[in-house]
Amino acid sequence: MHKVSLGATGLLGFAVVWQLIPALGLVDPQYLPYATDVFAWLVQEVRDLAFWRRLRLTMTSWAVGLAIATLAAVVLGTAVGLVPFLRRATHTMVEFLRPVPSVALIPLAVLMFGLQMRAALVIIVYAAFWQVFVQVIYGVADIDTVARDTARSFGLTRRERLRYLVLPTALPYLMTGLRLAAAVALILAITAEMVIGNPGLGRSIELSRSAGDAVGLYGLVVVAGLLGLLVNIVFRFIERRSLTWHQSVRSEETR
Amino acid sequence: MNTRPAGPVARAAANFLFALGLPFLTVVLWGIWSTASTSRFFVGPLTILDAFRQIWIGPAFVDDVLPSLYRLALGIVASIVLGVAAGVTIGRFRRLRETLEPLLEFFRAIPPPVLIPVAMLLLGITDTMKVVVIVSGAIWPILLNTIEGVRATDSVMVETADSFQIPSWERLWLLVLPAASPRIMTGVRQALSVALILMVISEMFASSSGLGYRIAYFQRNYLIAEMWSGILLLGLIGVSLAVLFGLAERRVLRWYHGMKEITRA
Amino acid sequence: MPDGSPLLRVEHLRKVYATTTGEVEAIGDLSFTMSHGELVCIVGPSGCGKTTLLKCLAGLLRPTSGRMEMDGAPVTGPSPAMAVVFQEYGRSLYPWLTVRGNVELPLRHKKLSRAVRDRIVTDAIEAVGLPQATLSHPWQLSGGMQQRVAIARAIAYQPEVLIMDEPFAAVDAQTRAELEDLVRLLHLTRGISTVFVTHDIDESVYLGQRVLVLSNSPTRVQEDLVIDLPSERDQLTTRALPRFTELRTHIYGQIQRARRGPAAAPRSAP
């Protein structure tokens, strides 16, 4: 309870400081509008259907991108993780492709698909894929050798092994990857809208900037932050749930 | 398993094939495909290489690449210094930490690129703005990981320092920072990829020079091979950053990896 | 320092922890004194507040009431006159420093010349028998060797009192015997006053010149026992002495009694 009130104090303090900076004339309100104005704008905006429609577009590309990336990463990651030959053969390729910043692909995506959601998806999928892929490989590699030998000696079929051995071991890793991927996918969904211009939250941000609408711009930044927070909280919850029935000691690679 | 006992030469050859086999195969297939396909957007690897040489090895290196790298480096260094300094301070005082926690969670959750328009509004289209954008996105993973690392400093290690009355400055260098260093390095690794993204985006958005600007320019003017060469260059920068980080991490965390290896064995 | 003069005086020490479920009394009312150059073992049933007592002595915890004096001056916090050897050597040594770095750690802020500091560090490492491991990291050493490093660090600090908190609880029996002899040797050759907390009765009899038996809830000194064994001890012959067995049996009985119920009044030695 004590902790909650301290945290609330922090948030309130931030709002007060924000309000004071333009009020004291430290920064022109044209560039940093009053916190109260931004909150008033937010209250008005959430009653507007168009706002929710834009939000839905952003979240759609986020969800579709995340789903495609996860599916591809689970299939490929399991295969690469389970087959030593594939792991060795793909290692260099993975190490070279993974650090490539996904935004470098924006021009290519625009050329291929024009200013549409599909172009955004390319970038979202590319960025989110690696997060899940790497974790799935870790997870599959983490399978206990004794457990695997046991499964073999009891003559479990390939399908049973996947179901009872691979899946339970790799699942917490997958959830960690999913949480990281969800955050990254949101970043790139909004980024793509800003740069490519497919409609959604990101394009609204870019439009408010070019229109000089500071209040709207700050309001949308707050919305983006809340969206990010929501995604983090939900996926952290899912991850924790998946951990409760599988206790595994894992590296610090979880954040 | 097909691993019959093999000589060291055979093993080295196998390693070599495994390391470069797939990349080589990809490039060859790419070349065949690009000549066979009718798509204008996929040009052959040799054409890309040629464009790469013509564009980036020359004045563009000084005009576009160096300024980008300079801003990137400045942003990363500032993020590390500020993130660690603030993280140590916040991590050491429980009340301060609990006060700031929800606020920091919120700031971390803001997708960093949305700060570009804000920074443009506040600072105009300047170099400072781009560095500020990089810092404002890359600082969070470092800051939050440092806080967590400092908070989780082992209680017996702290009592040891207490009992020997280690003064606070030495305590910072000999206890707090090393103890938090594995977490700090995790944060830095995440910060590097964020920083690179923000460097590119801020230049695509608001610049008349730099790598991001140049690539977007090529795309708008349908200079396909040139665009690909830019993507290649960004990829190389990403890979180099990862390699440099790997080297630095191995140095800084040598004790940590050594210790882990022993406890695992 | 003159042998026999009082070095450490503890009077009516009491420590109460405030928890969410109410107050927990870790130490009830504890008094004892210790002379210069003594090796005192403190033994008691588990959960009797041994670690709390030790942390109070080391100035790491503030007692709720009572007095502690070192050489006549009240103890209010950690002091250069005391050095602690913790049970958890793995967490007390800093894994990012080498053995030498760890031993040097408490000397860095003492105003010593480079040469003097180097000499003290080398001497301490040699005293615990680890000159070959100077440049290793603690995690490269066995548990027993790590605890030797912790002991070296404590003696390099050159304290008046060495405080050891169940230091050998986590090592195997063979290593433990070697470390016990090391403590005796350091005490004999360097005359460092030592407070040795343990739950092992045999260890307390073998090591101590005196043994304080603590009682459980409330924690107080149940018995202050002088160990009248010859000062030359070794693992085989000393432990085989009839007197050793007598003392051990006696303390064992005291601890059983302490565990069963409220402490009886302090009794004299048999």
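Order of writing sets the labels: A, B and C. Residues in every chain begin at 1.
Just so it is clear, a residue touches a chain if its C-beta (ideal position, glycine included) is under 8 Å from a C-beta of that chain, and two chains touch if they have at least 3 such contacts.
Note that this is a predicted model, so its numbers are computed, not measured.
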| item | value |
| --- | --- |
| Chains in simultaneous contact with subunit A and subunit B | none |
| Most centrally placed chain, judged by C-alpha centres | B |
| Longest centre-to-centre distance from subunit A, chain (CA-based) | C |
| By number of C-beta contact pairs, the top two chains | A-B |
| Chain centre separation (subunit A, subunit B; CA means) in Å | 17 |
| Separation of mean Cα positions, subunit C and subunit B [Å, integer] | 49 |
| Gap in Å, rounded to a whole number, between the CA centres of subunit C and subunit A | 53 |
| Residues of subunit B whose C-beta touches two or more other chains | none |
| Contacts with 2+ other chains: residues of subunit C | none |
| Touching residues (chain side subunit A, partner subunit B) in the complex | 2-3, 6-11, 13-14, 27, 31-32, 88-93, 95-108, 110-112, 183, 186-187, 190-191, 194-195, 202, 205-206, 208-209, 214, 217-218, 220-221, 224-229, 231-232, 252-253, 255 |
| Contacting residues of subunit B [partner subunit C, same complex] | 154-157, 159-160, 162-167, 170, 174-175, 178-179, 181, 255-256, 258-259, 262-263 |
| Residues of subunit B that touch subunit A when the two form their complex | 18-23, 26, 41, 95, 98-103, 105-118, 120-122, 141, 144-145, 148, 182-183, 186-187, 190, 193, 196-197, 200-201, 204-205, 212, 215-216, 218-219, 222, 224, 227-228, 230-231, 234-235, 238-239, 241-242 |
| Residues of subunit C touching subunit B in the complex | 55, 58-60, 78-80, 82-84, 86, 88, 91-92, 94-97, 105-106, 108-109, 137, 139-140, 157 |
